[in-house]
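Scrolling down, you'll hit the structures one after another.
Next, two complexes with subunit A in common: one pairs it with subunit B, the other with subunit C.
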Partner chain A sequence: MKRLLWPVVVLLLLLVVNLVFTQNFFSIQMRDGHLYGSLIDILRFGAPLILVSLGMTLVIATGGIDLSVGSVVAIAGALACLQISEDASLFTAVALALALSVLLGAWNGVLVAVVGIQPIIATLILMVAGRGLAQLITDGQIITVNSASYKVIGGGYWLTVPFSIILVLVVLAITAFLTRRLALGLLIESVGGNAEASRLAGIRSRGIIIMVYAFAALCAGVAGLMISSNVSSADGNNAGLWIELDAILAVVIGGTSLSGGRFSLGGTVLGALIIQTLTTTIYSIGVPPETTLLFKALVVTAVCLIQSASFRAKVFGRRGRAAPPSPAAPEEKVRVTA
Partner chain B sequence: MLKRISALALAGLTALAMAGCGGGGGSTSAQSGGGGDSSITMGFSQVGAESGWRTANTKSVQESAKEAGITLKFSDAQQKQENQIKAIRSYIQQKVDIIAFSPVVESGWDTVLKEAKDAKIPVILTDRAVDSKDTTLYKTFLGSDFVEEGKKAGNWLVEEFKDTKDTVNIVELQGTTGSAPANDRKSGFQEVIGADPKFKIVASQTGDFTRAKGKEVMEAFLKSTPDIDVLYAHNDDMGLGAIEAIEGAGKVPGKDIKIVTVDAVKDGMQALADGKINYIVECSPLLGPQLMDLAKKVVKNETVPARVITEETAFDQEQAKTALPNRKY
Partner chain C sequence: MPPPAPILRMSGIGKQFPGVKALDGVDLRLLPGEVHALMGENGAGKSTLIKVLTGVHPIDAGTIELDGRAVAFTSPLEAQQAGISTVYQEVNLCTNLSVAENIFVGREPRRRGRIDWPRMRARAVELLARLDLRLDVSAPLSAYSLAVQQMVAIARAIDIDAKVLILDEPTSSLDAGEVEQLFQVMRNLKEEGIAILFVSHFLDQVYEISDRMTILRNGRLVGEYLTRELPQVELVAKMIGQELAALEKLHGEAKEFGSPLVEARGLGRAGAIEPFSLTIHEGEVVGLAGLLGSGRTEIARLLFGADHAGTGEVAVGGTPVSLRTPRAAMNHKIAFCSENRKSDGLIPDLTVRENIVLALQATRGWTRPVPREQQDELVGRYVAALKINPADPERLVRDLSGGNQQKVVLARWLILEPRLLILDEPTRGIDVGAKTEIQRLVTQLSDGGMAVLFISAELEEVLRLSHKVEVLRDRRLVAELPNDDDLTSDVLMETIASGGRAS
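Now for the complex of A and B:
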């Protein structure tokens, strides 16, 4: 729990900023039979990012990285909207889009685990080609759909709660159960620590790696459905653009090491919420658009610095065990990475 | 022995390649000499296919070239300047009669335009401008006037609220930060509404010209600024996203919050006809016919104005209903 302390502090700080600068930020009302308020917005618009980040966490835990999730977001949304615009049933559209996502993820996994291409290159292929595929599906146009049932996925409500939030909770619960209650999480961490050693120890590294990439793509596919359903249209060019970078950032803020091994699902969710809260804060307090990116960068830099134990030790003086160089160094590293 | 053979082969290949070059050059010059009198060959370099607007633009150019009897050599730059420069150079080598292109970015065109000028091939810019100091590098610039579009939106607003004495609270969804349409549509709009202090822009943020961002930003606006009278969106798509946000907040778009946007794509016109948008300023991609007319004049050495503005209009809800069935994009 201690390692989640700093992300929590940062999130609280952002909320306090809003408490001061934005009126009614914390008010949650019922409007038209559903919950309405800035905090709900953060969860709702953050939902796709949380999903993509969850998948990314497991990929990064195996020592890999997946740059193609943004393209998968676009492809899934495009295919689903195309199907619906051609009068396919909601179930067919969703099933086809998700099946294609898993297939694309498995392709990434095979490139990494079987062919042996470095993850950043292997997924770069789909990142570039996937946008093209999405545009091919949409014919370069924005496909607008008029389906009330499709709209529920990203923009609808169930028992007054936004459906996308429920979806995220379900995926989070399943992922946490599989990785934390079963041995799967241990196997993933083991592969991330040393794939070859894990294989010699009797773990099927290849299978695990292909599985996490497929899972990441599945998460991205669901996120793609959410994003396109939220605006009832598929935009092959812009849907999920740069979401892979936000997702990697969320994973890092959450305290998962990019070198693989340990991972923290809770940290990732916090990281994604921090990013979305920051975005909403920028809109609410009226940061001019010209300086938005700079403002974001400054906050993110501050977040990363404050999470580094060695940085804190240098700036705030020597406290506790974090200070002395050699003996305490390994422990310090664990605190940074874990 | 082997070395000598390979050296010989290499020499042979080089000679062949050189002969190929010479032959190619000869044949193209002969071609352009023969075809110069009647049919015109135009080289057109498009930005890419990033939006429905752009696709409609491409179609318009291709179709009107066919109608005008102009041979079109078309290339898609996929949003990259180096691809466009390559395409223009290849058009120069092919000795086309005229080159037209939509520059991806504003700067860095002087060298390649100079090459075209030296080869005596006239150049027409379409849709977007370049910032070259030497305006003799191109014959004319055909495209929309984004400042004028902003002004049209502002004028409608002034007319709509002329009887109101109270403050009119406006929120603005800007296009991609730093892009010419975003800058100009913002400044044109401000120029008009700035004359009357009752118009007040209470919040302004970029929505990156996309529906998803338009919705997200509008959601935030609706919560941080409780009293919004007007939404001005720099394109239809952001406006369409914002409409969903407004409906989600339990308000009626077009009534509780008046909406004015720019572009007039089909989905936007549909929303306008449905009463969810109040006014759309057109930014037409259908500049093909005008481009072909200009090309013919330029090739015949007639003088053309240095700036030609695309024929555009604006729509209110009634006009949208009549125009909608014929909307191509």
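Now for the complex of A and C:
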């Protein structure tokens, strides 16, 4: 697809930069029956961001936005770790955490679709309050757990592949199935493209909107499990902090418009990978820690600019100026009756 | 009288879009102080010609001369600065800003870097006075009618020392009185020596206001004519490229109808329409006549469940039903093509195919997608039947011309095979050819047993299609007239004017 061209170019460019600074950047090895390598790391550490971005894509496609996913990440991790520390089974812990995430997402959806609050405000409520909820669950402490089975979600391997990568692939496949094989994608794009026209075409947009917010929260919940599992602890304050902003950025870099309508799951995955690769790059080329955020901002700005067709035209001057004067048309072809 | 030198001369204009030759060797000249009509069917190249003139698109061939100097604008702003101003069909103003702000937005008079509000208001009043308009310029634009907003757009356009004023379909949402007001303004501007390029689908208006016209067909020039020397029939023939079959009255005789399909009893909504009763039979075409804002659209929206009725009840096929939402109405096989296809009909970012299957998909829910083969089959059938052009289902619907967009919305509802089809101004802003096609279609559908509620501002059209005509006035249904030989547009107009059950 043509509109994925620039994200691909940017990603490749970043990878090549890494290759210059890190020898063997592209090499993937087998160690103890597990896959190892920088590329695998990017995928592994990028997994939570990809998940959150997938959910965000659908929300943004309806013309909304979800600022609360970072808090949901923290809440899901906190609840799961609390359950496990209280000797609940892995299944119970995961199921409860995900159920709570879906519930919180549905709450967002109801605020937006039924109450009619603007999405940015509606989800801001949970963004702020959710951190408090996570603190409440963990009692203000950082809960550490020691469960080998829970550790698998974020840090384990299955058939030599990191489990988190498999999880991402599964969620991606489900999302693609729901939106592109079933008709959810068309209805989402329709609601995001023109809400009133969609209503008059008989689309029940309320249900759709509640569903996408619930789905975004579910993705965030899974990401929360992954993050807390990877470090075997739940930190209500810092888990998933600012991930919503990275996710929004990933969606935008992937070519989905913030005003809603058309969305691209492939683009979002690329966008999330670009952001994760950038983070890796910052460490590997040794940008001083105090300037990493600034550096990241500059690169992201450049990425966004290079994706804009009008900017490229201006800078590289590829837009054909006014056409060269062509041979004048025969005069007075007009039948003038005046 | 020797004609004065043209202020604008476009010669041999060519414009190629991927896959389409939009313009090919088109010439156009505008004389100062004339109203020049640009005529052609949808897709004939009128909009493209305006766009290349105002610098929205670059030209591929030909030359543009303004005041004898060759010009090539690269943006509408440049064109405007050179004296070519455009007022588009959909008023491009901000209704939440004041009248004065709208006129001067982007080029506010300034004093020491700050906006000079008193001067801005004074100049706005001055400009509007030139159009014989007295408004409170600090009131928000939304306080005024669409017609006045249109004039404000014109005021904005002529402020910039306009030599050429382009009016693209300025009358499509105005009622008769407002059109007259607009024409008066146009005549004043003509007196001042401004050349006006006027695009309209209303032939009567073109004949009333224009001095000369240029006709395009399929991106090519047909010719330039003096309006008074070209009879209407010939104009239409030149536009569609063939002799137009006499526009016969499509429904002559009053038919006997079977059982009533939809019955509304005392249906009403406060502030929108007073309670009315209306019966629509299977196979019947019911026309709604009335002025703009008389409650025509409100009736349609109540019958489709787009708005909630405050009072009354509806029965479909004899059983009382609740039409709380569009979906509920759709379940009873009622379909509604709304008047404003841009805001209430199309999803511009989706393709023609997606727009057409949307309502069908909505009734099936997201879990049961319409199989792709079925989509392609249905879409292909209706694209061919309605002659949607270009016949490419994967094209974005935003790239289609107005008439074709209207057909897309129509196709969306036809694939649902409704029993009652509500058409709110289906022929507004579209050309003669497409208009006749849509009218024919209505006749065919009703012959096939479909009931049609037909709303149109053109009384002639209502008369030609309907079996009976409901007359509206001031948000009240005032009369129901069978469409027999005695019913003429004069009678209709009298009924609208008198508002009684006379005649």
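A few comments on the model shown:
We take it that the second predicted complex is superposed on the first by the 317 of 338 C-alpha atoms of A that agree within 3 Å, B and C clash if a C-alpha of one lies under 4 Å from a C-alpha of the other, contacts with A are read in each partner's own complex, and residues count from 1 in each chain.
Rule of thumb we're sticking to: contacts are C-beta pairs under 8 Å (C-beta built on N, C-alpha and C of every residue); 3 or more make two chains touch, one makes a residue touch a chain.
Everything numeric in this text was worked out from a predicted model, so none of it was measured.
Contacts of A:Gln141 after superposition: subunit B is touched, whereas subunit C is not reached. In the superposed pair of complexes, A:Gly155 makes contact with subunit B only, with no contact to subunit C.
Of the two partner chains placed around the shared chain by superposition, subunit C is the only one that A:Arg199 touches, whereas subunit B remains out of contact. Legend: residue contacts after superposition of the two complexes on their common chain; A:Leu187 is shown touching subunit C, with no touch to subunit B.
With both structures placed on the common chain, the touch criterion links A:Asp32 to subunit B but leaves subunit C unconnected.
Per the touch definition, subunit B reaches subunit A in the complex via residues 49-52, 54-55, 174, 177-178, 203-206, 208-212, 215-217, 219-221, 223-224, 226, 237, 240-241, 244, 248-250, 267. Per the touch definition, subunit A reaches subunit C in the complex via residues 178, 181-184, 186-187, 189-190, 193-194, 196-204, 208, 261-262, 320, 322-323, 325-326, 328-331, 333-338.
Partner subunit B is touched in their complex by these residues of subunit A: 22-25, 31-32, 36-38, 41, 45, 135, 139-142, 144, 155, 227, 230-233, 235, 237-239, 279-280, 282-286, 288-290, 292. Subunit C contributes residues 3, 11-12, 14, 25, 27, 29, 58-63, 72, 74, 212, 214, 221, 223-226, 229, 304, 306, 325-327, 330, 336, 338, 343-350, 354, 357-359, 361-370, 412 to its touches with subunit A in the complex.
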